[in-house]
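Okay, so here's the structure we're looking at.
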């Protein structure tokens, strides 16, 4: 890893985006990307807590999870999965285009991703309201009489907390895409410098990956 | 060792205590040896190689010895594996009761202990056990976490709500030993104490037969129960209100109830208040009295009523 | 400076996307068939494959600095540690009798169920 | 490059440096200079330490005799909880990394700043927000849960716990961002020639710490979030009354909080490595072993959390696994201890204040570590768990270990941070006072603990009175020592002698290549490193920087001595 140390060459013309404490754009880009990966790992560990809760309660009460899954709609969940996968694709494309200096490609794909994220949230909203309507609330407020075995409330606590926190991440993603779009329109990004697009892209893929696990664990099995 | 224990460890009063103490002293002496070795060397070097004024030499770097590094990895490793093995064997013994252990049920609630015997006797604060016989306590909590700790027996285990846990011990000496609650449980945590009273087998059986009454009159016995069953936690006998109303002058009083009605506190009312506390709630008080007293044996209920009667004005 | 950055070709991205959709279809289909105890591992296995594909191609880990892969790998090891070591407890709770593996609620429910069964009398079961 | 001379490390006070190049308040509050951020952390965590320390003195005062002395049981419970929470989350976790790490790490690396300076400032303000939430929680109601927040008690007591869980969540975020920043800085910002084998051990310590911060802290975040939701919505994951499992909460809590104890100690190890080497004028013995043992401890630290739960009702299998791995941590720690002592062998040892603290660290941490081993023994922990033996153990490692090391580090870097020398004599007196006071306070607790005195007890049986008395008297000596430190350090700001660039004749870059206090951008020129961090001879011969005429210029690494 010694290769990451760089030789200082003073007098080199600094590009505008290069902060004073970095020696080169590459160093700055690599640093930002590694920082982002570290952040993604903290996100994974944050969700790990809920996966632990999921596993523990599933091992204790498997029947509850099977019953709980029947109350969730795999079609809506599956649809949302496809939506998120598509958004991952478009976000990867947006990076692909800006790397080639294609700003229109970048902008179109940012908007497509944003649209997908909003679709996801809308579907989630309908799923939630439907549940609330039936009296399916997390924990002690659970009041759905059709399925009232012991510990089913735990299943829905886990369901709501997991998808809720995931949903918050999607919402944050929407905010980030709006920010990216504004900057893209202002022409901030070039083939030389597109770090924010890259970082938000990474973030968005993690949000997608988490959903890739949530979908089968909650809806299917 | 004797009765007072050693500098580090309290008196030993159970079968496992001696083994735990040997283990403790084993770890202790290994630690002392290493401590003296390491810190002794440090002090010696600090003195021997101290910088002397005027001396300006810079010492040569020492080469790294693979063998030394390996030695101080391997030797401690062997020692800790030894300690581990012993610790884990003793741990299993400490937690696996022999099959014929004498069973007692323990209930913890903030901030009191209650012990129930197979014959229905139940008593707060004081755990009576026979000497020389394995006893298994099956414990549960009514509210938050507590922990049952008897230093003289070297046993401790958390008491959980909604789950049974257990400890066992075999007392080796007649006497009285402290019980502590060692899981933080709120304001009264440090007051959640108790006593283990170790009897000879014969005394224990007598105590159990009479449910602890011995040759006391019902009033006297009721007074004992008033403390043992923790009534004292909520009810005073001097007229001052506590969590619950005072018991002084209760008998024969016209009690104002929460629903607006009133009732004459006679024997029946008092008995019912104890076994079915939420049936009639006294006005101005929360329905906070535990319903657990319903399981008290009849003699004890009678004794309590008799005692409360004796407090009439 | 962009010379240093790998540009993932459009074809690769598209193929990745198609593979992901295909796997989603497979996982939904597999869950509809009853394979007994196999359903859970299959679903998780497919999810792991999908996640790896996203990481490798969309997130370009395959072409990236090794250190970023290491970061992710260590993070995942910790997730496994967290889950497995917690399971050492919860899956084996009560292994030496000093702790009951059931909660008191569960014990009471079982007793009630037994009582109800008895209440139905002989032949009722 | 190699044309640079020693003139930039002269003994004279630089006229313009990072402290005075811009004196406006704004330039402080919005600074992205890692050194200034370090100072802001220093002020904040010192206040937290002072408040939490005063709470501890009150706790000790109440325990002077059985029964009520100066406060009620409720107040006592509030006080020890606040003491624990503030000490852990607001003082010790940010202390060494965020203060000395911020100040020294980029300089050790020969960098101008950390990788993400603005993030660094953000993490300071997030920390501050955490602190504000703690204060709010303090005034809204009683937080009397202990620092462990065990359910279900934490779900039954006052609602102020809601604020406290949020405070811990927020403070955790700050800790994550700091760790993340340092990892990237260490990877990407090293000066030319500074290979991994030439990193000062302080950097290795902070690096290992940062890994733990990044991997463990998110879990306290989700734990606090779940606890919050549980109180708010009754989601029933941890509350037995709702079908949850209180022991599961303990797993969640300790998955973070055990690694957190290594967040506390690893940077301290780093400081001690620096101090022992510098004040023995001897390269650290077994450099690679000391460096890698930090990483080993960081990793093993994730596998032992269940040793806090031997009597909690967890399965015996897990107790056994956790106990076994617990001892393994003693091994890399031992490697460090032995190598430190070996470093002193044939050294040339001087006893300035930082070194006194380092020696006192070795003494106290050894006791703390060995008592830790005793607690890790399954059958012994049954007796010792939740007694003052545990309290003494963790004060020996946290106060006797981390805080003493931090004091050593503070004295060591004080001339660099402030450009002033403190009063050496008072420093030595205070170091001895603290050492003696500490032992009196906490050794007595070891004894009463193994005798059976439970912790978190407001009141106690008469037979523990003597030991409690001794402990309380000791805490007065300890407190006096610490106040003395505060006094002469503050005094040095006004009356202290100007510090030379390298008063300890150390060999790391902040001493050899920067003025005291340093320039706004740390170094006038990016240093080029051609030697190891403990090459005192090179410092003596060539002025110590890699730039001296005979030093090998360029980035090629010469073989190490």
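Some points to look at:
Order of writing sets the labels: A, B, C and D. Residues in every chain begin at 1.
We take it that contacts are C-beta pairs under 8 Å (C-beta built on N, C-alpha and C of every residue); 3 or more make two chains touch, one makes a residue touch a chain.
Bear in mind that the values here come from a model prediction, so they are computed numbers and not experimental data.
Comparing chain pairs B-C and B-D, the larger number of C-beta contacts belongs to B-D. The distance from the centre of chain B to the centre of chain C, with each centre set as the mean of the Cα atoms, comes to 42 Å. Between chain C and chain D the centroid-to-centroid distance comes to 37 Å (mean Cα coordinates, whole Å). Residues of chain D in contact with at least two other chains: 187, 215, 219, 240, 243, 245, 247-248, 251, 313, 316. With touch defined as above, residues shared between interfaces to two or more other chains in chain C number as follows: 67, 74-75, 78, 82, 86, 90-91, 96, 98-99, 103, 105.
Across the assembly, chain A contributes 1, 30, 34, 38, 41, 45, 48-49, 52, 56, 150 as residues in contact with two or more other chains.
Taken pair by pair, the chains that touch are A-C, A-D, B-C, B-D, C-D. Across the complex, chain C meets chain D through its residues 67, 74-75, 78, 81-82, 85-86, 88-96, 98-99, 103, 105. Chain A meets chain D in the complex at residues 1-2, 4-8, 19-21, 23, 27, 30-32, 34-35, 38-39, 41-43, 45-50, 52-53, 56-57, 137-141, 150-151, 153-154, 157-158, 160-161, 165. On the chain C side of its complex with chain B, the touching residues are 96-100, 102-105, 107. By the touch criterion stated above, chain D contacts chain C in their complex at residues 187, 211, 215, 219, 240, 243, 245, 247-248, 251, 255, 302-303, 305-306, 309, 313-318, 321-322.
Interface residues of chain D facing chain A in the complex, by the touch rule stated above, are 1, 111-113, 115-117, 119, 176, 180-181, 183-184, 187-196, 214-219, 221-223, 225-226, 229-230, 233-237, 242-245, 248, 251-252, 521, 525-526, 555.
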